[in-house]
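Taking it in order: structure first as structure tokens, then the write-up.
Note that the chains take the letters A, B and C in the order they are written out, and that residue 1 is the start of every chain.
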Amino acid sequence: MERVALSDLMAEYGMALDEDRLEEWVELFEEECDYRVVTRENTEQGLPNVLMWCDNKNMLRDRVESYRQVNEYNPHYDRHVIGPLRLLAEKDSVATFEAAYSLFQTDLEGNSRLFSVGRYRVEARVAGGVAKLKSVLVVADTGAIPSLLATPI
Amino acid sequence: MERVALSDLMAEYGMALDEDRLEEWVELFEEECDYRVVTRENTEQGLPNVLMWCDNKNMLRDRVESYRQVNEYNPHYDRHVIGPLRLLAEKDSVATFEAAYSLFQTDLEGNSRLFSVGRYRVEARVAGGVAKLKSVLVVADTGAIPSLLATPI
Amino acid sequence: MERVALSDLMAEYGMALDEDRLEEWVELFEEECDYRVVTRENTEQGLPNVLMWCDNKNMLRDRVESYRQVNEYNPHYDRHVIGPLRLLAEKDSVATFEAAYSLFQTDLEGNSRLFSVGRYRVEARVAGGVAKLKSVLVVADTGAIPSLLATPI
């Protein structure tokens, strides 16, 4: 059962972003949460650079709200294709797992291109068959994040 | 059990297309079925354009048969990589779900490229551990579908 | 349970390669095992060309060891995104299945590109909830494998 809940969570994570349901994406997180985007290169060199960082749910809400006010400047469609989950630990109803992602962007002319690949490292709390995000660390292999990384990965 | 049946169905859906087993792909559908390809842009603008539409299984059979007669003109390999399922509803043994897809094409020189990304919206009937397709709506983010969309997505 | 073990196995397969844990990747195989990379074009024409072939675990160990000695010449990050499993057979605790893969590479400047797409055909032995690889046949749609195929696919 738990695996299904975790897989559902990641399916909804990607779909919510791809369908521009950003407010619903925020609701996948617990109030006390952490969302962070780093590049793999920085991580492996022990560098502290963080491309996006929200360390509680209100920061995620603010982020989405400000995105809503400027989202006309780089209109595009996102599409996440997420790989199978790799479970790392389970403790006190919190599961830690990783999953590879590929993220494609399509412009208004309908041209699609590879935008970013990397992996998620996720802590999720499962209760009553439903999983909520405690933390998401996005480690992007792709270093060049254009457009000020307007939308979450 | 049902989730496994749905996941198996989509794995076979992609593999049947990729291995040019189009007749077996047709057999994944029920007699009364609907297969449709639209672009996301048209859908979001409420436009009625449909790139491919078969509203029963005989139309799918005809489509594959005519493809067999002309398939020499754009020889290529397809490869679908499909993401996790997002279950939307279950009612009377019919499950409605979505899944993101990435579709790559490889030409005869062995060069691969991104061909299309988007999502499937699927209704499937599960009976005895086996799932059959009632309807598949392909919503393609990628707008430019070259080559007259000879093969299904 | 078995499906989860097989899915975990493939998640770890991709992640071990992507995180450069090649020695751990080798440990996913049984002592008597077979790992082979072929192109789809050769396979469909009945040609015997094999791009990489290790027919026991010691050969895999050697392969990884020699890679460790030369890996400075083409530094890059790999990222596998693997699709859902298609179960073909189960017999005497050995499962045979296929899965589509997309493999992306990122260079040291952080530029990502599609490197290879294709499918795995896998035989895995499941015992005590854990699956081990008996054989992996990589059938690559992408024909041009640059860089002498230094890392496994």
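The rule is short, and it goes like this: a residue touches a chain if its C-beta (ideal position, glycine included) is under 8 Å from a C-beta of that chain, and two chains touch if they have at least 3 such contacts.
Just so it is clear, the structure is predicted and the values come from calculations on it, not from any experiment.
For the copy pair chain B and chain C, the superposing rotation over Cα atoms measures out at 120 degrees to the nearest 5.
At the interface between chain A and chain C, two copies of one sequence, fewer than half of the residue numbers in use are shared by both copies. Measuring from the averaged C-alpha position of chain A to that of chain C gives a distance of 26 Å.
Of all residues in chain B, those that touch two or more other chains are 81-83, 102, 114.
Chain C meets chain B in the complex at residues 3, 39-41, 81-87, 98-102, 114, 116-119, 141-144. Listing the residues of chain C that touch chain A in their complex gives 4, 7-8, 10-12, 14-15, 18, 77, 79-82, 102, 104, 106, 108-114.
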